[in-house]
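In the two assemblies presented below, subunit A is common to both, partnered first by subunit B and then by subunit C.
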Partner chain A sequence: MIKVKNLYHSYSNDESYAVNDISFEIEKGEIFGFLGPSGAGKSTTQNILTGLLQLQKGEVEVAGFDVKHIKNKMFNKIGMSFEQSNVYNKMSGLENLEFYRKLFDVKTREPMELIKMVGLDGKEKIKAGKYSKGMKHRLTFARSMINNPEIWFLDEPTTGLDPAIAANIKDIIKEENRKGVTVFLTTHNMFIADELCDRVAFIVDGKIRLIDSPKELKLRYGEKLVEVEYFRNGELLKDRFSTVVEEEKNQLIEVIKKNNVQTMHTKEATLEEIFIKVTGRGLV
Partner chain B sequence: MKLWYSFTKELNLSAKSWYFYIEMGMAVVLLLILIFLVPEKFENRSSEYLYLDLPKVVKDQYREALLEKDLDESSEWVEVKANKKNYRAELYETDESKIYLLENMEALNAFSGSERVPTVHVHVNKDSQIIHTYYLQGYETQKLKNLLLVFHNQKAELDVIDEYSDNIVVRSIYQNIEPLSDRQNLIPVFLTFNGSLMSLFIISAYIFLDKNEGIIKAYAVTASSVWHYLLSKIGVILLTSIATTLIITIPVMGFQPDYLTMILFLITSGFFAASLGLYITSFYKDIIQAFGALYIVIVIMIMPNISYFTPSWDPDWIKIIPSYIMLQSFKEIISINGNIDYVRVASLGFAVLGLDIFVLANYRFKKTLTL
Partner chain C sequence: MIRKIFLIFKRDLIVSTRNFITMYIIVVPIIFAIIINVFSPGINDTTVEIVLLKGENQAQEDFFKQFAKVELLDTIEAIEERVIKRDNIVAVLPHKTDDYFILTQGNEPEYIVDYVKYLTTFEHFDIGMEDSMAEIVDYGRDLPPLKKLMVNAAMMFSAVLGGMVIALNIVEEKTDNTISAIHLSPVSRLGFIAGKSLIGVFIPVVGTFLMLLITGFKDINYFHAFLMVATSCIISILIGFIEGINNDDVMTAAGNMKLLFLPLFGSVAGAELLAEKWQPLFYWNPFYWTYKGNNLVLSDSGTWIDILTYSGLVLGISMLVFMVLAPKIRKGLE
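Take a look at the complex of A and B:
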């Protein structure tokens, strides 16, 4: 659905690239996470893919359209949810969606259905200017689904939302993905990426450092250890056992059998730890 | 259809914004200024202060001559103030001036010394000749001084240009034209700046406002074209300028102007101005950065006003400034038997030029709209 080959972009039209020779492909139905700290080149890449920034150098194909010669028809197939809410404040939530649905040439979704989906029902007739930040964010998110997009670009979709609403948004993303929608997720939140993405790309200083599935990354970079806390003779002890060395595997079994185990954790690496290990950079 | 949806949405948003009502309110304020503060005809008669230090017989002859020219053939006694003191004066009002005959030299000196107005002391010398002594203030032009000399030569029957001037034939090229009153003469200025040229600045404000709120980005990822977005904004601005123009014009001019031509001209000149505004806007990220360029345009566009109010200063280069053509066109539209062909040609010119600039602006916005 998305093909990017040797993409470069410079805001100053010189050799100082915000995006520097990146290439990747995204298959239909995939959730692809584009992860990196602020200023890494995530938004620049996404803006080029959605036609918001002009393609300078490289080849980009989105939903079968060459982004170099962008056509309006391409936008019938894509949806974009922005990190910063950008709705008409003087129009109600419903009016916002009613207006945007008229700008597409394909069958669109019922605005009220989307409003209910993101939990804004009952507030659809209130001016968006009176919405809270989170409500505006949900309206922006709902709007991005109005044209039943085949490719869905999501920029920090859960930022600033409370955990319950964020969980609802994640559920919607999973549900749409189950229906076959391809998702391009830009975030610096490794937990949401871990939970949702089939594959992730780590981008730092405009370059992609790594692309793989979260599971593979954890296997590759995580330590194969189990950490156990247990009581023996009234004393709380803490030990680590390898899950691959035969002798330690047996020791672990013995500890479980003979002692009162309090906690037990695999020492699987988080995506954030892997990111730091691979890029040498934090995510802020 | 998408263009129509965008236009109705912009209209809806405009009706909900304060700015729309400010524009309408300003049109009403301008109208009230025209009706209540601007006179039908400006007072441009000069005030002249004389002291006739003459024998009674001669003084009476002067008075009789003045009465012949007086509008109601009678004088009136008034009190005039100079140097914080009141003086009695006999007032004669003619087409061209208000003549105050002061009673003594003290009054004349007060006006000359503290009120900074030219005064005349008329007296008789020892050879029984009548002498006019002018107390000028230093700001009078050489033209005025020459005119005074010609006037007194005429009086002394030494005039050499009388015969020549009497034989000059004056023919009016345009027949059936009535000059506009001073009040009506201000309308083209209001229409040019409040109607057509305001589009240039308003469109910039609208675009930068949308940029700030990120609305343009949301629009840019729909299947609608950028030019739909731009043209729908221009459409709303034109509609507003037609409304404000009619608010100002109808109460003052009635139904005498050719309103169809006026609306056509408002649309084409407004479209040109708005396209120019778009083009300038496309080079900048925010209104603060754009202000320098907009300010230069404002200053250039104001310059033809000088020529409008001072017709003797009308160099060729000023005639190519769009606001010059707008001022002249609006003047022709509201004048009885005005030159409508001039207005039509100007409309066509603005339409063609506006379209060219709009195409350029659209091309640039495709690149920079979301920056």
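Take a look at the complex of A and C:
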């Protein structure tokens, strides 16, 4: 669905590249996470893919359309939820969606259905200018689905949302993906990426450092350890045991048999830890 | 594409009515029309008014009615009270002898008082229309020049107001950050610009037509008027886009649009006050040609060739400005 080959972009039209020779492909129905700290080149790449920024150098194909010679028809197939909500403040939530749906040439979704989906029902007639930040974000998210996109670009879709609403948004993303929608997720939230993405790309300083599935990355970079907290003689003790060294495996079994175990965790590496390990950089 | 252009226009129109500043701009032409009617004599308001004592002299009453608007009151006191009122009404009252005197408030124009004097004299000596050997020749100027000038300037002012509304709408799109959302829909950049421009034509055209009707210009050629207004809007639309792109604040954008009033009123002053040899100094100014074209429209004395010539000149100058500003507008809306 998306093919990117040797993509470069410079805001100053010189050799100082914000995006520097990146290549990747995304298959239909995949959730692809594009992860990196601020200024890494995530938004630049996404803006080139969606046509908001002009392609300077490289080859980009989105939904079968060459982004170099972009056609308006392409926008019938893509949807985008922006990190910063961008809705008309002087129009109600419903009016925003009604206006936007009429701009498309394909079958669109019922605005009220989307409003209910993101939990804004009952507030659809209130002007968006009176919405809270989180409500505007949900309206922006709902709008991105209005044309039944085949490729869905999501820029920090859960930023600023409370946990319950964020969970709802994640469920919607999973559901849409189950229907076959390809998702390009830009985020620096590794927990969301871990939960949702089939594959992730780590981008730092305009270059992709690594592309793989979260599971593979954890296997490759995580430590195969179990951490156990247990009481022995009234004292709380904490130990780590390898799950691959035979002697430590036996020790773990002994601890479990003979003591009162309080907590036990496998010590998989988190995506954030792997990111730091691979790139040498934090995510902020 | 046309449908989407109208969708963008409709959205702008609806949202404009929800904003106090743009709503005020939309109704300004109507306010202008009312002000013009109050401060300048109307086309049909030039008739001299005379007040007489009811039943005092039927022959005189009938004679006066041929040449003036006659009002009849029952008593001398009522007539005196009527004359004191604000308008320019003059009384013709019987004297103690069998002649008449003219009662005025004192501030009536001299020509009105003279006119009533002549009418009274002619009636006294029984002089009628058939006794006159005069032939009336006029220049076809059947409306007050001041009124025409004011309506003409107000028509051009309306065109600038259209640009002002565009500037305000672009500032709104920028502050709401919605331009990027539009660019991710199947609406071309050109379609977006066209949709945004429509309100800059709609407001001046509707405003001007309402103003023309309110001020009494009912019998002019409205196709001529449309052509002149539509072409004069282009320059304001372009400046409206530029001001919208360059400003993040509604008041600053509206304030900067006021710069257009300088060439507008300059062209009016130049065309009306300067000698023929200085007129070429204004040939670069589209408002100058608009003013000349509007003059023909308002006096209903322009042919299609005249109107097409003036609107063509305005269009040509506006296109040159468009060629300079178009890349900036396109880039600014990215």
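Everything below uses one rule, namely that the second predicted complex is superposed on the first by the 284 of 284 C-alpha atoms of A that agree within 3 Å, B and C clash if a C-alpha of one lies under 4 Å from a C-alpha of the other, contacts with A are read in each partner's own complex, and residues count from 1 in each chain.
One rule holds in what follows: contacts are C-beta pairs under 8 Å (C-beta built on N, C-alpha and C of every residue); 3 or more make two chains touch, one makes a residue touch a chain.
Everything numeric here is computed off the predicted structure, so don't read it as measured data.
Peer 1: Just from the overlay, do subunit B and subunit C fit on subunit A, or is there a clash?
Peer 2: Aligned on subunit A, subunit C clashes with subunit B.
Peer 1: When the two structures are overlaid on chain A, which partner does A:M91 contact: first (subunit B), second (subunit C), both, or neither?
Peer 2: both
Peer 1: With both complexes superposed on chain A, which partner does A:T50 reach: first (subunit B), second (subunit C), both or neither?
Peer 2: After superposing on A, A:T50 lies in contact with both subunit B and subunit C.
Peer 1: Please work out whether A:D105 is in contact with subunit B alone, subunit C alone, both, or neither, and reply first, second, both or neither.
Peer 2: Touch partners of A:D105: subunit B and subunit C.
Peer 1: Applying the document's definition of touch, where does A:I253 land relative to subunit B and subunit C: first, second, both, or neither?
Peer 2: A:I253: touches no partner chain.
Peer 1: After fitting the two complexes on their shared chain A, where does subunit C collide with subunit B, if the options are 43-51, 61-69, 79-87 or 151-159?
Peer 2: It is 151-159.
Peer 1: Please write out, lowest number first, the residues of subunit A touched by both subunit B and subunit C across the two complexes.
Peer 2: Touching subunit B and subunit C on subunit A: residues 50-52, 72-73, 75-76, 78-80, 82, 84-91, 99-100, 102-105, 143, 147.
Peer 1: In their complex, what parts of subunit C are in touch with subunit A?
Peer 2: Touching subunit A from subunit C are residues 3-4, 7, 11, 14-15, 18-19, 172, 175-178, 180-188, 334.
Peer 1: Would you mind writing out the residues of subunit A in touch with subunit C in their complex?
Peer 2: For subunit A paired with subunit C, touching residues are 50-52, 72-76, 78-80, 82, 84-91, 99-100, 102-105, 143, 147.
Peer 1: Help me check something: in the complex, which residues belonging to subunit A touch subunit B?
Peer 2: Per the stated touch rule, the residues are 47, 50-54, 72-73, 75-76, 78-80, 82, 84-91, 99-100, 102-106, 140, 143, 147.
Peer 1: Quick check on the complex: what are the subunit B residues that touch subunit A?
Peer 2: Residues of subunit B touching subunit A: 1-2, 5-6, 9, 12-13, 16-17, 213-215, 217-225, 366-367, 370.
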